[in-house]
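Below is one structure, written out as structure tokens; comments come after it.
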């Protein structure tokens, strides 16, 4: 199999299989979660509450006062990684083309220099949060195989994409093929690992905001 | 190739070409071979010693496009000089002789120059049925094996000879294979392209002529000087890619301004060839300069590598159906799991025994 | 073949001009000459015109008739020469920018001088004999 | 019958719901909840990381309610939850969690960890892993009516003291009153001035009120230990009395968990909405103030601060009312650095104060509050939860800190303008 054949497989059957597993898994997991149900709360909710599920979906993206100082690596690393990853994912023109190919939606991209910076920032942040995971006693206690797997699966697309873009170490075609394959691995693993937080975070934040909100607290 | 044959430099001098003219020839040859101008002295030195080689050109499952390309090389005098310098002893499209006389010429060249002649092949070789392609009643496979046996080196010209090309496109009805699938005991150089750039063909011939050896090859048997970099990396429109400026259609403002053709399916990023610098038609232009993306014709299996007009990052096959089906499958499996979960939770609730204060501690 | 993107500027001339600047410095410092093959560079339709316009025209212009006409022209920048090799039919074979005090090809070659010396001697001998 | 692992594990299966499933699905092990938990910040022991306290519950969810977890369990790859593990986790679930919910406020993926700990305690108590102190308190609450063993006779003694001191009659079992006044054991035993204060304020406002002989105790050990069956029985006494006496509103006293028990969990435990309102005393005070029925005079002019009881503010939504009152009463009222819905717990909520086993950890965790007080430099702290007050008074003594503690209701009563009621 030549690199171009590998790339073709990745763009063709590989992508279809990965997206199919991802879609299957997300649906399955959502059913799994919602099937456990939630008893209607019979207590009288406050009429005028500053909080709500929808508010918390947004507000939890910001650090609560005081916590940034206590956990700077987690916050800054987390922000830089998520933003770097998101900018690279959603504003690199070839990625937009992929979305256009899948959904017909498209939007303007950013110059490659900007993408380059965001990808490098994302990679460095990932390394920083890994170092923190390995050295911080709390994170080390909490972390298991899945956490490191999720880290690797997130790191690989950025790393291979960077290698491909800059023609480093490996031939571009092979790098591009590996890049797409790494994204496919990410998609396959997404519903069944910690990576599912990309979907469930909206659910959990909503529940949190709703639980607090009905008591009159903006959480 | 007789030992008393004159060297190429001698031949040129006999034709009344001065040393200055020879150096000009060397400089243009260097340019042709995509070698840096600093190589001119080495080329001159090599040509002082180089002697006229015998060349046998075999055409198998091909369209003659490669030969057409070669004969339309934009440097007729140089290439003419080269073709004059080589002894093209067999080329069934170009030679005057035909039938038995032609085959006799091939056999004679093979005999006289055994171990020293250069074999050039265009077209792929069918393995499915020997009768799919024959010349003078000889199957392509037999003729290739027989002719390659005494060759110093083999040059596979064009994507068909190098990779199987169009005949090998799915479902590959003739079982077409490239030269390299058959010839394993000789140096085989691939000069892919559909067709290859004319000056690339003459360039590699010039290299063999000049240095009596094949140029440096990459891991896929291609001369590095021509195939070392991707079209994308040498493309004059590359700055637009970096700035995020793309033509969206073939007739929009971006297309008129000469912006990057990535979104229109350009395969430049994964295609390794010299088109962007060497160009075509007497150096006038190349596909991207003419407003059309690269189709990647010099890459293996390019015909089966997805739609020509879809960007590289786009999926090749429509995935909506499959993803939709998978999502439906996920919903069905999810519903089954949900029913199981509900039943399990109900069972747990049914198994609940009311907790009294006496139940807060384990029985001693 | 007409190009679709006329008039677009791609900025590919600028790196070449920079390369020429460095080559001039080397020439002055150590006498080292440089040659740039214009056929080996990524050039858009306007890039070459831009480059040539930037280089301008200088004081010297020569034609070499050897295996077709080659033009040798100094640009507005002394020491920067533009060489265009053509065949007998006048078609361009190759184009170079040479950074040198005198382009190599303008100088008479020792072999040719030797041949000429011999030829002149022979001619004189013939004249004396005749 | 008795507690057993099977009953506990069955309870896990009962309480796991969609919010918990989404919370466990979302957790990325970032460790930020630890930074919000005073048991971690004051000990630096990673085992006190809030989400870690739920590990057995998480595995129960995974192995019972997810496809992959079930598969893993089937092929023997899953680590089953064991009784020994639950025994080990007892300290984490009861001693090092006050259900204060501060972690629930900071979790970036929105996990309500306190909600989950409350649910996990259902299984822990059914499995017999509740700490002895809480078990004893719960038994006393069910059997004698109060976790501290306070009987009606004790209440009557308090009533007599109040009647003598303030000169008004304390109504008992009076029907159709506006308010049913509840107390916590602490208020009956340690702070009888609460009853006097409430009575004066309500009388001055012209409201009718009553105590109920069958429901004087507001606290609910069933909630703290995590046994809904018992919590239902306890809250049912109040609901029964309120309905029998046909009161309009039940006033939850200055006690955090009592408010959560009656106001938020009560209807869910009873399985029906209430026909009466439930309000915290601070809400009632604010209502009266708004209605012009609470006239105050004079101020307490010294530097003081307000400690938000977690269940009142963060978990209860009553955080503006005390500030409105204090701004009126105390010109030198100052806020601590982290306050309101992001306050730090006293360290004794969620049953921790009733859990003798947790005493040393509780005192260690108080260092957080101590640092807050010292940073602000005040000598007076007002609060609205008798449990917070007792816990902090003990800890202040332990650390030899000379800080005066006040109940907000008393403070209001002390500044009540007792001129003639508005005609």
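List of remarks:
Which chain is which? They are A, B, C and D, in the order written, and residues in each are numbered from 1.
By definition in this document, a residue touches a chain if its C-beta (ideal position, glycine included) is under 8 Å from a C-beta of that chain, and two chains touch if they have at least 3 such contacts.
Just so it is clear, the model here is predicted, and its values are computed rather than measured.
The chain occupying the central position, as judged from C-alpha centroids, is A.
Each chain's centre was taken as the mean of its CA atoms, and the one lying most distant from chain A is C. Remark: chain A and chain B have CA centroids separated by 39 Å (rounded to whole angstrom).
As a whole-number value, the distance joining the C-alpha centres of chain B and chain C reads 33 Å. Inter-chain centre distance (chain B to chain D, centres taken as mean C-alpha positions): 76 Å. Chain A and chain C have centres, each the mean of its CA atoms, that are 58 Å apart. Of all residues in chain D, those that touch two or more other chains are 16, 65, 67. Multi-chain contact residues of chain A (touching two or more other chains): 28-29, 32, 34-37. Pairwise, the chains that make contact are A-B, A-D, B-C, B-D.
Across the complex, chain A is touched by residues 16-23, 25-32, 34-36, 40-41, 44, 46-47, 49, 51-52, 65-68, 104-112, 115, 263-268, 270-274, 277, 313-319, 337-338, 341-342 of chain D. Interface residues of chain A, counted against chain D in their complex, comprise 28-29, 32-39, 41-44, 46, 49, 56-57, 60-61, 63-67, 70-71, 74, 78, 133, 136-143, 147, 150, 192, 194, 196-197, 200-201, 203-209, 211-212, 215-219. The part of chain A that touches chain B in the complex is made up of residues 2, 4-5, 7-8, 11-13, 15-16, 19-21, 23-32, 34-37, 93-95, 97-98, 100-102, 108-113, 167, 172-173, 176.
Across the interface of their complex, chain B is touched by residues 1, 3-5, 8, 10-12, 35-37, 39-45, 47, 64, 66-68, 70, 85, 87-89, 91-94, 96, 104-105, 108-112, 115 of chain C.
Contact residues of chain B toward chain A in the complex are 220, 230, 232-233, 241-244, 246, 262-263, 269-270, 296, 299-302, 304-306, 310-317, 319-320, 322-327, 329-331, 333-335, 337-339, 341-342, 345.
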